[in-house]
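Shown next, in structure tokens, is the structure this report addresses.
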Amino acid sequence: MAISKVVANAQEACAGIESGMTLMLGGFGLCGIPENSIKQLVNLGVTNLTCISNNAGVDDFGLGLLLQGRQIKKMISSYVGENDEFERQMLSGELEVDLIPQGSLAERCRAGGAGIPAFFTPAGYGTEVGEGKETRDFNGKPHILETALTADYAIVKAWKGDTAGNLIFKATARNFNPMMAMAGTITVAEVEELVPLGELNPNEIHTPGIFVQRIFQGTGYEKRIEQRTVRTRG
Amino acid sequence: MAISKVVANAQEACAGIESGMTLMLGGFGLCGIPENSIKQLVNLGVTNLTCISNNAGVDDFGLGLLLQGRQIKKMISSYVGENDEFERQMLSGELEVDLIPQGSLAERCRAGGAGIPAFFTPAGYGTEVGEGKETRDFNGKPHILETALTADYAIVKAWKGDTAGNLIFKATARNFNPMMAMAGTITVAEVEELVPLGELNPNEIHTPGIFVQRIFQGTGYEKRIEQRTVRTRG
Amino acid sequence: MLDKNGIAKRIAQELQDGFYVNLGIGIPTLVANYIPEGIDVEFQSENGILGMGPFPFEGDEDPDLINAGKQTITAMPGAVYFDSATSFAMIRGQHVQLTVLGAMEVAQNGDIANWKIPGRMVKGMGGAMDLVASAENIIVAMMHTNKRGESKLLPACSLPLTGVGCVTKVVTNMATLEIKDNAFHLLERAPGVTVEEIQAATAGKLVLPAGEVPEMSL
Amino acid sequence: MLDKNGIAKRIAQELQDGFYVNLGIGIPTLVANYIPEGIDVEFQSENGILGMGPFPFEGDEDPDLINAGKQTITAMPGAVYFDSATSFAMIRGQHVQLTVLGAMEVAQNGDIANWKIPGRMVKGMGGAMDLVASAENIIVAMMHTNKRGESKLLPACSLPLTGVGCVTKVVTNMATLEIKDNAFHLLERAPGVTVEEIQAATAGKLVLPAGEVPEMSL
């Protein structure tokens, strides 16, 4: 019998999250973010968090909610351009920020989950990102050594999941979620639809359940669109 | 319009493969091996090949066919226990062999395809595999530096593929195929079923077509089973 | 003098059959509107799609289907979705043949700065550092001068760098320039722009061709 | 004295609810037949399946569905397939809670040799080096002595190593032993085996408990 990872809700899923912890949160912009769990983090009122997430949400949604409540001490992200409160806290020095090239962020999370403590990448060589990091040439091209990232809790959002924690993501809502799922000491997955064991095709699963410790079906997904861009019908 | 990668057959797909080249060949044992392309390599009669493949086939199937014809100069593999001719050529010194831990082999292929020139892994530390390699402690644990692998041609086998080179593998026939597909200067994919553009669900594709340069529908798959193990009906 | 669409149209001439292309936010995004006839290219967006299509019709927006600029998009037949690690495996592994990016500054040695104005603008580099460090064919699409009329083609970048020695070509509202041998080599003038105007607007070392400077044909 | 199935049965007692388990080729594979009641475990096979089930009924074999020993298998409900890089991400990233392996030699410091006999047997390490370098909980399942009657529990391995200082427990046909402080600590005797017999068959440093050595309960 497969190992069950099911918990009742965001409250149970986020049990044990404490102030000062390091969290990974999946999503790209507001796409594929764990909405239910973020609300629960607001409810918990935990502070001094280090959050690893590609973006920081917008002022009133996503990780912006945690920024409003001053719950985040440090952000590790690649792009934070859509959040005025973020920029204000960062420029005023209230918020520590570690900006990382997007590909290095993704690969560092994967490395953390895959037991690869460090790897070489060309990204960031010769820039602020490379300062203080080991440099080495491979095939005549300079690279820098980047180290793995892990988290006390990784919180991800999937489209479908089964009771064993197997996850399937939808379209570009996949983004950082699979790598972060690998890198959490405890990985929480919230899904739009929780299905019984055996309902997912084992060939089509993106994140194997071995990486997931807790899973629940979320409610009331808002799925806010940041840049609604359309064309007119001809 | 998506970029078409379709060629007619193994002959066209293997055009340009020359003696002395480095090839990657997908598969685990005889499971998920590019049967049509291997036969074409026999027909081409190319020699002095360096073959990167987890196994070396059996005496009369898979890469064993190339060994029989003395077409391989060097094998880079993790396990070669099922092939007497391999062992004979290796022990007699006719065949160069580089044995690599299976996880390092998989990761080195992925790294080659992903532009990661080197990474640290604990596998092989303190063994012959680690000899002469850079060692470094991370979190108090020793690791060795492993470098990326690439190939002139990577030859993989998938279950379904579309004209854009997108691939879906079946069950455990996936194995090394996706990473090798990433690491070939030219990647050849043979598939059991070649389908029109748009027929594969973009959420279910294992290998994006960007990694594949040539695709064709193979014929006459034998899919030999190495260890037929069954239980009796109760 | 070109407008943004004109720059995009000129860059679209760089597309070749079979190219996988990554288009940055802003002017680069517009390049997709000008794919030459008879050419098959596929657009990669680093948030996880290959085979990106045009914006959806109103009412067809899917919040789970966006591009790297967070805009709602569609998927073409043959499209594929993937995670961020795989996406940058494509980029870092040089499987993408052409990268088009905006920039705040480009230097005559190919350095590019486009992610940070110290003490003022701190948006982050997103995927730009991976793109410029990896791609072999990087075209910058930008205005030749900034809002204060100052040249963006410089002897050296003054802003924090995004990448070093990586830009191969620059297309601006005024000109097409190739970067090599530590200089901007003028290839084409935009319609109605004189060589003298380009010289005046280029702070970095500008090399003129032996003969006439042709006007872009758009 | 235990047979192979007995060894497997004893090791199955080490399974805990919620464990992901990797079973090596040979005796370890048999462990799956003795999962204790009321315990949910999942078996990972490094060629790319989690949720491995029993062998198929005759006629149901699928050549595309095998385990790391190249045997035809089945998949349990909730199973998942993945590529080799992901498989070893699970292993190297310590997401697998228990690894059971065969061995040719085990040393009192936890070193293991199981992949090569120089000049004679050259099969390769397969996934064993990744497994032993990564797992925190490694049990070796093997006969206490080799075919020539020589101890396989040694002061130091004589064969090329697979991993260093990694084995935590050994279950043989004669005994259960824990490895710590550079010694084999005798935990249990196999039914009908005396401490003296175990002492005689163990070349490495053997530490006996203060009191009686309990017999395994199987």
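Just so it is clear, A, B, C and D label the chains in written order, and each chain counts residues from 1 on its own.
Everything that follows uses one rule, which is that a residue touches a chain if its C-beta (ideal position, glycine included) is under 8 Å from a C-beta of that chain, and two chains touch if they have at least 3 such contacts.
These numbers were taken from a predicted model, which means no experiment stands behind them.
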Tell me which chains count as touching both subunit A and subunit C.
B
If you average the Cα atoms per chain, which one ends up farthest from subunit C?
D
At what distance in angstrom does the C-alpha mean of subunit D lie from that of subunit B?
28
Centroid spacing, where centroids are CA-atom means, of subunit C and subunit D in whole angstrom
55
Taking each chain's centre as the mean of its CA atoms, subunit B sits from subunit C at a distance in Å of 36
Multi-chain contacts in subunit C: which residues touch at least two other chains?
49, 75, 81-82, 85, 88, 91-92, 134
Touching two or more other chains in subunit B are residues 107, 110, 114-116, 121-122, 169-171, 202-203
Let me know each pair of chains that touch one another.
A-B, A-C, A-D, B-C, B-D
Within the complex, subunit D is touched by subunit A residues 1-4, 110, 112-116, 162-164, 166, 182, 197-198, 202-203, 205, 208-211
Residue numbers on subunit C that touch subunit A, as the complex places them:
45-49, 54-73, 75, 81-85, 87-88, 91-92, 111, 116, 119, 122-130, 133-134, 160-165
Residue set of subunit B touching subunit A in the complex reads 107, 111, 114-122, 136, 138-139, 143, 147, 168-171, 202-204
Residue positions on subunit C within touch of subunit B in the complex are 17-18, 20, 40-42, 44, 49-51, 75-82, 85-86, 88-96, 134
List of subunit A residues in touch with subunit C within their complex:
28-32, 54, 77-82, 87, 90-91, 97, 99, 101-107, 109-110, 121-129, 159, 169-179, 206, 223-233
